[in-house]
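Per-chain residue numbering starts at 1, and chain names A, B, C and D are given in the order in which the chains are listed.
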Amino acid sequence: MNSKPATATLLVSCPDRKGLVAAIANFLLTYNANIMHADQHQDLSEKLFLMRVQWELEGFTLPMESFGAAFAPIAAEHQMQWRVSLSTRKPRMAIFVSKYEHCLVDLLHRWRIGELDCEIPLVISNHEDCRRIVEFNGIPFHVLPVNKDNKAEAEAEQWRLMEEAGVDFIVLARYMQVLSERFVERYPNRVINIHHSFLPAFDGAKPYHRAFARGVKLIGATSHYVTEDLDEGPIIEQEVTRISHRDSVEDLVEKGRDLEKVVLSRAVRWHIDNRVLSYSNKTVVFD
Amino acid sequence: MNSKPATATLLVSCPDRKGLVAAIANFLLTYNANIMHADQHQDLSEKLFLMRVQWELEGFTLPMESFGAAFAPIAAEHQMQWRVSLSTRKPRMAIFVSKYEHCLVDLLHRWRIGELDCEIPLVISNHEDCRRIVEFNGIPFHVLPVNKDNKAEAEAEQWRLMEEAGVDFIVLARYMQVLSERFVERYPNRVINIHHSFLPAFDGAKPYHRAFARGVKLIGATSHYVTEDLDEGPIIEQEVTRISHRDSVEDLVEKGRDLEKVVLSRAVRWHIDNRVLSYSNKTVVFD
Amino acid sequence: MNSKPATATLLVSCPDRKGLVAAIANFLLTYNANIMHADQHQDLSEKLFLMRVQWELEGFTLPMESFGAAFAPIAAEHQMQWRVSLSTRKPRMAIFVSKYEHCLVDLLHRWRIGELDCEIPLVISNHEDCRRIVEFNGIPFHVLPVNKDNKAEAEAEQWRLMEEAGVDFIVLARYMQVLSERFVERYPNRVINIHHSFLPAFDGAKPYHRAFARGVKLIGATSHYVTEDLDEGPIIEQEVTRISHRDSVEDLVEKGRDLEKVVLSRAVRWHIDNRVLSYSNKTVVFD
Amino acid sequence: MNSKPATATLLVSCPDRKGLVAAIANFLLTYNANIMHADQHQDLSEKLFLMRVQWELEGFTLPMESFGAAFAPIAAEHQMQWRVSLSTRKPRMAIFVSKYEHCLVDLLHRWRIGELDCEIPLVISNHEDCRRIVEFNGIPFHVLPVNKDNKAEAEAEQWRLMEEAGVDFIVLARYMQVLSERFVERYPNRVINIHHSFLPAFDGAKPYHRAFARGVKLIGATSHYVTEDLDEGPIIEQEVTRISHRDSVEDLVEKGRDLEKVVLSRAVRWHIDNRVLSYSNKTVVFD
């Protein structure tokens, strides 16, 4: 792939007011930052200001370990929520999968050829099926069967494994178990799911069967952050494809796989690139 | 436009069994039909056979006024529901509109340049707003205000006008009144509506506002035949377009207009061309 | 439509260097500007910085008639090319058309319902065909027949009419005459054309016939600024639609009309909103 | 996947005339065929009739080994070119690849999960790079370096390997060598290539770089049968995706990979399903 320069990316959200762009731009200029990309958005209804700015580390005169202290006064003055990430530190992604392997295989391939700039310290599944392809990629594969009786223990073990592996975020690549509230609260805006319908249509079970029964002319897929409410979390990306009366449910499942792969991989990609900010159950995806 | 030869189009649906294609093809061949296009579909789950066949009238040795009698034995043998249409007899379309004129203007323009091969004997509205553009196109414009008290009388008057005008089917071009059950039963599969969402998502009122609130990344439009259940009828066509966090509700409304125009006009076009067969709340749209 | 606040929009392009965002943000902050939207882009290969910033006029303490003088030092220091536009002053658009009316009708309707925030002081054609629809919209319609012998005089008369009407930019809505080099030089990046193919494929004449002959599976349309080289100017927008072996050339023409309308109207819309910056035969379309 | 019944598929092309549908339908009915799907097309300009008909083998009273003899009289009478395929006999596909593995990996995965109903007896490459993933899938991997001096011998060896493996058709999954005329003539309409542009735009080398330079707003991919003229063969499928001024050439390459995978896999799928008929440098893709 293309070798990109080392950069820092700052994500900010705060109440909208005058001078925010200038404040941030001046702060960075003080330390000689070479801004490579900046994008901001105002939500007028919520009076919210959101910004993403990315600059080169080379030539930036503020040591990043001191960034927090140096930026604190500005953040305090404007009541900013913020986080900064370094391209030199790859985020660590855990993949959860059940039996359908298409999203998993797609993510692993994109990772292998450098499309996804992250580490994958482990894959967790409730079935053995995907072991071979995961281990082919040199990634540890953990099988933790889950049922209604052992869910709590299973999740506890999942957490242990993820702590051990220093996981930053989780991708549910067609993982067929519902996560507990405690699990979700533990990883706010850090669990990405793929739902195989155009939400909010056909949320819940068997969306392709219901799409077939309803006779829609397009089917879709939706990637979103997981919240307490199943399929209700902030939508990151959606895509659709055309179907016709000639398509059986099996054809829908097959066409849907291509949607699921693309829609999930985009969301993962954007999350890794720190492009996604979530607020009031929506997302801003910065260009 | 391109001058097309005079044709007859036969639409058939019946229980699926062997020999149906041969039976119809042989019948037409007996009278020397030059088949220009034929398309069929089997719904395996419903064991249903559906066919559309179009042939040139020139050289067809069976007078069309005798078609019914000649075809009856085959229809009876195979329990066919069927109808035949002649390109020489343009269907007569009534347009219902309220205040939003974009779909109306689009339909009228397509009709004027020959895209829609129909007659438009009248436009009915519950408001005066669209009179000028309708009359510019030389079409009678009738205003019938509707409210909960006069709905029955208003519909009675609508029917009278449509009988008088020999209307075959009705297009609701953003008509903001709910039709009564009696109205809908009177025109089965002959009332086409445009709903400004990707059904079944956001059925009912204010779909753009709800799409905005939900933070979807695509918005859609759906054309369907009207049934007793609002927004539940057989879907004829759907389309979507991409939106982003930058789009306000007003932007959604604006982008949605382009969807509504295209999706409604396709449905109307296909209905006029006798391409649409409806069964078990779905449609087959023949190529 | 939605009543938007009065705003100023600044478009800047200059050699890329550090501090440009801060310089502009600080300048605007000095005069208490409430920035509603800002977007910038760096072309790394060309070392070029491009920015669009929009702010509310209400509360902006610098009188806009003094903007140029006040901004001059910054512009000079950074070798900026820039222009500023006020939402309170609608740009004046001339439409050129020949016989095909679909793009014209589409633009006029969008203008009538407020989608296109501009004035249309005149429509110029080399044929009488579109007079009625133009005059229905209350716009002066001028017919200037053009042939190889009178081209120079015809263009001179076109210029006279446009000067008289204070035209800012020109839209060629399927205008079937090639403009002279002198004409194009007179309106740099101010003449928008719609070409009925996915450029650079099928540039020149009869694109739909050639697309049909080549057996492509998608057809397209392209809107671009007109330059000396026919169909070679900076592309503003493109869109495609699917076709199949069932589509005749006439079907392509028909499906193409929907593309042409949408693609041209987007380009016009973005040009009016000062979203388009052109450099090295490309465009940046700011969000 | 879904277990489908055993079927035969007949592809026919001949001069268009009356009675062709009846002739074929009657022939099949004679032997009690249960037609599952039939689709035909007339090319009016070429006066050509093309048909695809698929029926269940169960209950079909004509032994398939006698099909040719039994169908011969009808074929002769109507000057039909025809071929029949059995779902019980999977076509044997050779994949040619160089260093880019994304299309290869995609095809192998679709094959593994049953999307592609074929055998893959071998993969041939001019580089070692893809050995591991190919052998992971249990498929023999042959490396035959090719250069201008040894091309003839290399192709001879490729042919030997393919004869040995009983290959029916070849997929060039980003294979970076031009095939000789002799090679192409040997496999008419049996070599499928993926070109990484929206043909005829940017045929030849470096399409993404040229798309970037031209400033197009959409990029595409095209799958086609290989003929003597590079990138000029009959197009099977095309797709595009949107890009913006923010996308570098590397971004185009990355977005393009997703197009290439989908567009190539569709073409391969349709070829395997006997849906593609080629004539006068175009394709008909039957539904």
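Heads up, the rule we're going with is that a contact is a pair of C-beta atoms (placed from the backbone, for glycine too) under 8 Å apart; a residue touches a chain by one contact, two chains touch by 3 or more.
Just so it is clear, the model here is predicted, and its values are computed rather than measured.
Undergrad: Check every other chain and keep only those touching both chain A and chain B; list them.
TA: Chains touching both chain A and chain B: C, D.
Undergrad: Can you name the chain that lies farthest from chain B, using the mean of each chain's Cα atoms as its centre?
TA: Ranked by distance of C-alpha centres from chain B, the top chain is A.
Undergrad: Which chain pair is joined by more contacting C-beta pairs, C-D or A-D?
TA: C-D
Undergrad: Report the inter-chain centroid distance for chain A and chain D in whole angstrom, where each centroid is the mean of the CA atoms.
TA: For chain A versus chain D, the centre distance works out to 36 Å.
Undergrad: At what distance in angstrom does the C-alpha mean of chain D lie from that of chain C?
TA: One centre to the other, that is 42 Å.
Undergrad: Please output the residue numbers of chain C that touch at least 2 other chains, ranges allowed.
TA: 244, 246, 248, 287
Undergrad: So in the complex, which bits of chain C are touching chain B?
TA: So the residues of chain C touching chain B come out as 1-2, 101-102, 105, 109, 113, 115, 136, 244, 246, 248, 250, 254, 258, 262, 287.
Undergrad: Considering the complex alone, what residue numbers of chain C touch chain A?
TA: Checking each residue of chain C against chain A gives 18-19, 21-22, 25-26, 28-29, 32-40, 42, 287.
Undergrad: Which stretch or stretches of chain B touch chain A in the complex?
TA: Listed in rising order, the residues of chain B that touch chain A are 41, 43-44, 198-202, 214-218, 220, 234-240, 244-246, 248, 281-285.
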